[in-house]
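Take a look at the structure below.
Order of writing sets the chain letters: A, B, C and D. Residues in each chain are counted from 1.
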Amino acid sequence: MNKTVMDAFEALRGLEDNMTLMLGGFGLCGIPEKAIQAMHNLGVKGLTCISNNAGVDDFGLGILLERHQIKKMISSYVGENAEFERQLLSGELEVELNPQGTLAERCRAGGAGIPAFFVPAGYGTEIAEGKEIRKFNGKMFLLETALTADFAIVKAWKGDTAGNLIYRHTANNFNNMMAMAGKITIAEVEELVPAGELDPNCIHTPGIFVQRVFQGEKYEKRIEFATTSD
Amino acid sequence: MNKTVMDAFEALRGLEDNMTLMLGGFGLCGIPEKAIQAMHNLGVKGLTCISNNAGVDDFGLGILLERHQIKKMISSYVGENAEFERQLLSGELEVELNPQGTLAERCRAGGAGIPAFFVPAGYGTEIAEGKEIRKFNGKMFLLETALTADFAIVKAWKGDTAGNLIYRHTANNFNNMMAMAGKITIAEVEELVPAGELDPNCIHTPGIFVQRVFQGEKYEKRIEFATTSD
Amino acid sequence: MSLDKNEIAKRIAKELKDGYYVNLGIGIPTLVANFIPKVIEVVLQSENGLLGIGPFPIKKELDADLINAGKQTVTYVKGAAFFDSATSFAMIRGGHIDLTVLGAFQVNERGDIASWKIPGKMIKGMGGAMDLVASAKNIIVAMTHTDRKGKSKLLKECNLPLTGVSCVKRIVTDIAVVDITPAGFKLIERAPGVSVEEIVEKTEAPIIVNGDIPQMQL
Amino acid sequence: MSLDKNEIAKRIAKELKDGYYVNLGIGIPTLVANFIPKVIEVVLQSENGLLGIGPFPIKKELDADLINAGKQTVTYVKGAAFFDSATSFAMIRGGHIDLTVLGAFQVNERGDIASWKIPGKMIKGMGGAMDLVASAKNIIVAMTHTDRKGKSKLLKECNLPLTGVSCVKRIVTDIAVVDITPAGFKLIERAPGVSVEEIVEKTEAPIIVNGDIPQMQL
């Protein structure tokens, strides 16, 4: 089953204004930089983006924010982006903040057909407002609901033509769960190989979750905070 | 952090009558055969065993059933075991049947600190009796609760001294989730290597979930139905 | 002539489309794999943790770590992936499987299915069947039209414990292809040489027969 | 003398026990890693998907795919494992982490913590902090005793939005170690040269002082 497409533009076929997207990555690590650039070029608008972070001013989701292509963000931490903060304070941008583990689990639940589940995170805080609260074994929990997306866009290290994906180091993060939760899931990979070349025991995302895969060219993979010991 | 113990007996230290266990495996594939044999030798009784299946008459959990060491099974399919059926019909054994995916998710939830979650499996059937039912997006779901165990006992292909585990082929099945859900998790492995020798990108069960690991000798790995094309 | 197991499987294989991810249950459904048209590509999922089931192994390649959900030894194809049971049922529950084929004791006219328990007689458990029928977008049941005593298995109401409700879309039996519609059972095809009258007679519930009913093409 | 950041981290490092899995938050908590006693083994978890954080890399080994939860480049130790965010928070939520150290704006006498939001000023988000404080068995807060304006951060009631309730077990500040007990704050240790009176004065809420309060050993 060959799911290869030529490039980010072919992968994004069907993307329309006002759609809901999931985008993998933590900070700038493991973000689908080619698909984000393509969406910037396409100029699609009114997007709801589910992404742990919002990029920086000139890279990652920051470039979509800068063009006002994003209507709403569902994230856990958006602190590295001055334009984000400006749009939010001015009311141009809507944001829904989720505890990071809740966000991760909501994506997994969306992919796994679990409409809702209980977690302790946020009990007693403003996150709990309007949510069902229930006690289990003497501890309080909130009911959280699943997230899905019109397009889930993920970035992997290696992929095969059947859509199987392997991530490298901490560039996995949200990519694996988001891949499960897209009506259409796009994977961009640094290296695309024929089906059969990846070790079937070492697949992070089985191909069934991925509808389109392409190999990106010349990844920038920008480092946010280069901390060294020398 | 060296979690190596000498053998199944040392791994089972602290196991007492009437405890709740999780045991990995699907049919006879990926079962912790050394730990099961050791429990048979120890003669521990009154066990509640959470395991997808119940082994066959003379292998796997069947050998504990035969000695009447099991009080209750929580399983999805127990059909390959005549002694099981006899004890159940005679009232000697209690059994709670769960849909297989629900059982898998209940174990994962136990390990992941999620006390309850909604699934569609079993709606409209006797499995739904006494369970909360709720509609999401026009479809009906049951509220299912997490499972944990005093000991989770799993079998892996390779493990390292830090408790990291890699399963082979379909011998993963329930092992990965059950490893997450044990107060004490014991892993028996076919090959135990020093920490640092397994590829950190290809670990199925991170070592944090495993408290004790040992290398078993001479695995029988019995085949339940040897079907061939020649 | 009523169909044999292989012919039922062969008929069901015609339901497969290129690019489908398919879960085949134990028994007749497993045989469907032998009749997948060569011009299409279909990936078989096994709920014990394999995407990309291959044919049975040759004796020399028997591998205790490589089985299907029926605990039979299998092989895997190029592009296969292994995973744990939670991920496997995430695929199933999450609606990622395009077609599920499974056996049944009874199906009623609303698409309820009974397939896992005969009270007082059989207590093997539901395995993954309840998850599959509660989640799949497209469920085909493979079974004989009547039981060994000649009693219809297509009923107004199931009298055995249910596996799931309002889920079966189509039934392929040894004598007919029957759809479940909002108005009840509807006859779609008849087995070669089997009359519409015989099918109606062997179906306990009312069955809609509209116009000429074509013979199955096998 | 009040402690500097490194001294606070050094004091917290004394809370580590052999075999602990530890999550260190951004800021002062991250510094704790530099003071882990050599005689014990501790594994550091990073909620973005790494168990077994190593020291910062040398320039030649900088790797964009290898960062901690503060988005700083790191390395990994022998026996490390990488995983996705859902698995990472399964570790955290499931109670598999032995100790969590994080910063805070305010802590109240019941162990409620405010650490993520200053209304009208800062809207960066809670990241993983809410998951961590709601789940950890053992939470130590590292912070200065007072804010820049000299206002106490150990309060009867937090006036900033909460991150979690009844969760903090111990606070290590620049002048004291304070436990949260059912009866409220309790002074455990004082920084070298800092008087009990100064600590009591800089703590807005009542603080229990029982007998002689020892100086911290650093």
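Just so it is clear, contacts are C-beta pairs under 8 Å (C-beta built on N, C-alpha and C of every residue); 3 or more make two chains touch, one makes a residue touch a chain.
Please read these numbers as outputs of a predicted model, since none were measured by experiment.
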Between B-C and B-D, the pair joined by more C-beta contacts: B-C
Centre distance in Å when chain A and chain B are each reduced to the mean of their C-alpha atoms: 32
Chain centre separation (chain A, chain C; CA means) in Å: 36
Inter-centroid spacing, chain C versus chain B (mean Cα positions, whole Å): 28
Numbers and ranges of chain B residues touching at least 2 other chains: 105, 108, 112-114, 119-120, 167-169, 200-201
Residues within chain D bordering two or more other chains: 76, 82-83, 86, 89, 92-93, 135
Pairwise touch network: line, ring, star, complete, or other: other
Interchain contacts (touch definition) - all pairs: A-B, A-C, A-D, B-C, B-D
Chain B partner contacts - residues on chain D that touch it in the complex: 19, 21, 41, 43, 45, 51-52, 76, 78-83, 86-87, 89-97, 135
Partner chain C, residues of chain B touching it in the complex: 26-30, 52, 75-80, 85, 88-89, 95, 97, 99-105, 107-108, 119-127, 157, 167-177, 204, 221-230
Of all residues in chain B, those that touch chain A in their complex: 105, 109, 112-120, 134, 136-137, 139, 141, 145, 166-169, 199-202
Chain B residues touching chain D - in the complex, by the definition given at the top: 1, 108, 110-114, 160-162, 164, 180-181, 194-196, 200-201, 203, 206-209
Residues of chain C touching chain B in the complex: 46-50, 55-59, 62-68, 70-74, 76, 82-86, 88-89, 92-93, 112, 123-131, 134-135, 161-166
